[in-house]
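Chain naming follows the written order as A, B and C, and within any one chain the residues start at number 1.
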Amino acid sequence: RRGEMAKSTQLIDNEVFRAFATYAGIVLLKMMLMSLITAYFRITRKAFVNPEDTASFGKGESAKKYLRTDPDVERARRGHLNDLENIVPFVGIGLLYALSGPELSTALLHFRIFTGARIFHTFAYLMAIPQPCRGLSWAVGYSVTFSMAYRVLKTAWLL
Amino acid sequence: RRGEMAKSTQLIDNEVFRAFATYAGIVLLKMMLMSLITAYFRITRKAFVNPEDTASFGKGESAKKYLRTDPDVERARRGHLNDLENIVPFVGIGLLYALSGPELSTALLHFRIFTGARIFHTFAYLMAIPQPCRGLSWAVGYSVTFSMAYRVLKTAWLL
Amino acid sequence: RRGEMAKSTQLIDNEVFRAFATYAGIVLLKMMLMSLITAYFRITRKAFVNPEDTASFGKGESAKKYLRTDPDVERARRGHLNDLENIVPFVGIGLLYALSGPELSTALLHFRIFTGARIFHTFAYLMAIPQPCRGLSWAVGYSVTFSMAYRVLKTAWLL
């Protein structure tokens, strides 16, 4: 009895939930990686925004010239913000979806397509691959989240 | 027994959790809608930020003039960021709140007021309705999230 | 039986989950506080972005001069965005981590270090404390989230 009760609170034993935890972990780590990419560009391009960040380059005017924007830094930042706008809803809606009792195969299909689309989106953004590559990968991820939201609302609906 | 055990892992059977899933789904979809509104303004106002997005308008200087900011695009983007700043904490705190065992009627009151306030906030922002409309709708949503956080901390407190 | 079944759906009875709810509540409230700090600087520095927000300062040119950026406002906004980029992944990954059945003491160590690091990060950002203070506090929080993600992926892995 005890073992069972303990288990029943461990969502992590549910296969759909395990799949969700795996893919949510992967896309959240991918999103966090954008911070490192932005920092890499800030340091190599010497383009900062906070005066205290340029103090090591000297004082006064010599450091001030590094308080500037750089196209690569701004591109990485836009990719990061796009992740926040798309990966965060995926994690929120995906959690509710995983708890709504879908088939494992259907759930895996959703999680895999979303994760693949967002990884491709990051490459398309950072490497400035010609459109409609980035736009399409964005739309694929968006549609997957929408499809999960539809099931969540259909299953849970209590207004 | 099996049925019961299976059920017990299905949070979706809990009425408060179903209500949370419904309202969280609605506000997350509303937040995602901001992407489409921004894209709509970018395309109709011809105001882009990535050079690869203007390639279909021709090459060189003729395309470069569409790399610009537009007041409507920026307004939609600010509305989107404001949603991230407010709807994401609502979803995170609301999930913990739903699991803290509140009365269904109290929970519904919180979820409904927040959702109404944020939908109104979006209209107030996009249509530039005179203040304090937008400010008040922001404050209402903020207060609801604060009230839920208070209950979560009171119920769960383990520092 | 009934009591037990009811309990089993109440994650809030699980000690690790209670600790997570406490710290997630604290850091989410801290993130929300950034909105108030930005609003405080906007009002005291008279630096707004929406024309409808300056209407109370008069009409036409007299109000238009308050549509400007201010270093303190921008600093608070950057702190807020940095919170979104770091606290949101912590809450998402932390929830999965709390459900992966870690030791309470290990979990508390993660939650406490992250929360302390992020509170310090906010002070370092707002008060422009010389580097590497802000950078280090960011790295500490980042590493804690990474450590939790490692355990989530190791425990849940189902690709």
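Quick note on the criterion: a residue touches a chain if its C-beta (ideal position, glycine included) is under 8 Å from a C-beta of that chain, and two chains touch if they have at least 3 such contacts.
A quick note: this is a predicted structure, and the numbers were derived from the prediction, not measured.
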item	value
Subunit A on subunit C, rotation in degrees - Cα superposition, rounded to nearest 5	120
Subunit C against subunit B, contact positions shared by both copies (same if over half, else different)	different
Subunit B and subunit C, separation of their C-alpha mean positions in angstrom	16
Contacts with 2+ other chains: residues of subunit A	8, 11, 84, 88, 95
Subunit C to subunit A touching residues, read off their complex	4, 8-9, 11, 13-14, 75, 78, 84-86, 88-89, 92-93, 95-96, 99-101, 128-131, 134, 142, 145-146, 149, 152-153, 155-159
Subunit C partner contacts - residues on subunit A that touch it in the complex	5, 8-12, 15, 17-19, 21-22, 24-26, 28-29, 31-32, 34-35, 49-53, 55-56, 80, 84, 88, 91, 95
